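Take a look at the structures below.
Common to both upcoming complexes is chain A, partnered first by chain B, then by chain C.
Here is the complex of A and B:
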């Protein structure tokens, strides 16, 4: 067993939090991760409060263990979804793609532990001051919305800057990565990409196949021109989008429109041509489909071996 | 003391290799690093063989310990410089910005240990087949010419792919980073950015000040449009260059010309307006000027503390 302050904080067995991924992290996957001893997360994505309520009910029908909700702050429904999290007594909320300050008081007053995802030291500091229970320091190698600074560089600087627990995200898929971020000062990890291929994950088979086949250089970042960078697999869609970004004759509004619906096409339809398959760089390390619980136990077992072996590095 | 196979291979005390940085890594800095127990590296940059000969002579006048040369493969003088490395009996060569296959036989026949810098699993495999003694797996958070894949993701995949020793580069500036990449399977580190502020480093004071003041989000990658991405500090130069990259009316040749001379302006003149200050993301973790030997001993001491403490993570 690996000791971590976030296990007690969140009421979980292993310090592994599942990433909140749009069109991926539903109540079924979240329950499977929580039943495996980690913290499952339902993504509220850009859907309304009704969707979230149904997913929370679904997860509660499948597990008695704690799970959380991820609120994507750029969602047009962020406000009503934030209220639903508080009203339904969800135990933990993680936030992505922005600054959740305006919802923090409501959540904390309702007893929800708030764990924002941060991509910079400045936001980590601000979140600590606003009452966050912990922060997830997410490196730019992760999938979906990304910052620039890598996990290896970001995590120690966030650990130096705040007194609350720091969870590392981005680039972690096995026990080696877990042990590495522990050396940097993190007390747990958030993992997204490896759970894409969990048996309990409902995405299209084509998506899972693409993750399993991905190499070490299989992803690309698009959206930098518009100021919201997103990492996905290299596909016809991402190549066309990247080319359009360098076409300065194309207005920003038209560029924006190119991405509409592409996440759903990937996750639901498995559309290899027009889908946007979000994935972290670590897709290259994901080699097999497994039950969510087996993913968790395999990572923890490997981490223990690496950590126990560390004493032999120094002689 | 931390045990590592590359110490015996290279005849060094500590498994720290200094990065080969154009306009930075001269004979004086290389000798200082080697005298501190690491492996100093002279950058042949884009200069001719005469420059390299003088720097090798300079280093030999300052140290009896082994040091190496970095050959930047995009240099117009790469061929003559490669020959000089073999002729002068330099013990180690590292290579950057490309595939050194065509020089490998000459170097190996001359007894030079070859350690290519690689940014992908495919190149690492090719280098092992060509006779490399080790590889430096360099993540995209490093400074200067960069690939995409981060150190945390690249290093374990390169370790899985090759049987020769793997040295990690990119994002490492302290003992925590050292311990982290050991957990990933690396047997040593290459460090560039922290040596920029070594007392024995001859760059302009303005450059050193910028590194010391850098935050966690202080760097940017330019050059992606032309296919050779370069990481540097955010400055008026890099902002203007990035803007020009998105101007599709600007021909590639004109974009290329914008960068000419900018490295020299930064390193030699300290020109805050027109200089290109190459730096890794880890600049945000570099907080003080020190002797090169003190940088090395501080990193190793901190790494030992982190590694010895690792056994307490598992309970």
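Here is the complex of A and C:
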């Protein structure tokens, strides 16, 4: 058994959070993760408040355990979904792609624990001051929107800078990764990529196949030119996008248009040609489909072996 | 005084001469992203001894100066 201050804080058994994933983590996946003893997170993605209320209701019909909602701050509906999170009394909110300062007071006043995803020390400090319960320090090896600094380098610096619990994300998919970030000072992990292949995850089968087949060098970052870097699998779409990015004759607006709808095409249609298959570098380590609960128990069991064995490394 | 301070911080951040930063400079054109902005705001807080709650998006150096001045 591995203990962690975030278990008490969030009312969960194992310190594993399933990261919010646009077009991927719905009420069904979140409930499966929470039933497995972790914390499931529903992605509010770029949908409206009606979508979010339905997913929260769905998760509540499948589990009595706590789960959270991820608010993507770039979403045009960020304001209304932020309100829904407070109104529906969701236990935890995580935020991605930006600075959630303007919603923090509303959430905290409604009793929602706020756990922002941060990719820098300065944002972590600002979030602690605004009343965050913990922060998720997300390294650039993650899938989805990414910062530049890697998990190995970011996590200890965030741990040194703040007094609240730090959860590590990016590049963690097994018990070794869990133990490694524990050694860096994190008291829990957020995992995205490995949950893509969970049985309860409803993405297209082609997507899951691509994750299972991915190698250690299977991902690439695109979108740096427009200021929103995204990590995804190397596919015809990402190669074409990368090429367009280096084409200085192509206006930014046209580049922006290239990406529209590509996430849906990957997750819903499994379109190998035009889809954008978000995934972390750790995809190369994800080799089998499993129930979400089994993913969690396997990681925890492996982590325990590594952490107990570590005492032999020093004499 | 706030402008000079901000220009100095930006220049140091980017390795430029302070006089190459003007009120009209866009943060994006200077190559400053949102994480850089948060970092500079935190540094301004400790240098100026104020609390700055970043809310809206700030696009130019002049907007950042006005925002900081409104909090002094």
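The criterion applied here is as follows: the second predicted complex is superposed on the first by the 315 of 315 C-alpha atoms of A that agree within 3 Å, B and C clash if a C-alpha of one lies under 4 Å from a C-alpha of the other, contacts with A are read in each partner's own complex, and residues count from 1 in each chain.
We adopt the following convention: a contact is a pair of C-beta atoms (placed from the backbone, for glycine too) under 8 Å apart; a residue touches a chain by one contact, two chains touch by 3 or more.
Quantities reported herein were computed from a predicted structural model and do not represent experimental measurements.
Of the two partner chains, chain B and chain C are each touched by A:120.
Once the two complexes are overlaid on the shared chain, A:147 sits against chain B and chain C alike.
When the shared chain is aligned, chain C comes close enough to touch A:102, but chain B does not.
Taking chain A as the reference, the larger set of touched residues comes from B, when chain B and chain C are compared. By the touch criterion defined above, A:227 reaches chain C but does not reach chain B.
In the superposed model, A:172 makes contact with chain B only, not with chain C.
Contacts of A:260 after superposition: neither chain B nor chain C is touched. In the superposition on the C-alpha atoms of chain A, the part of chain A touched by chain B in one complex and by chain C in the other spans residues 120-122, 147. Interface of chain B with chain A (complex): residues 1-3, 120-122, 139-141, 147-154, 156-157, 170-172, 174, 176-177, 179-185, 215-217, 219-220, 225, 245-249, 280-282, 284-285, 304, 306-308, 310-315. Of all residues in chain C, those touching chain A in their complex are 28, 33-35, 38-39, 41-43, 51, 53-55.
The residues of chain A lying in touch with chain C in their complex are 98-99, 101-102, 119-123, 125-126, 129-130, 147, 227.
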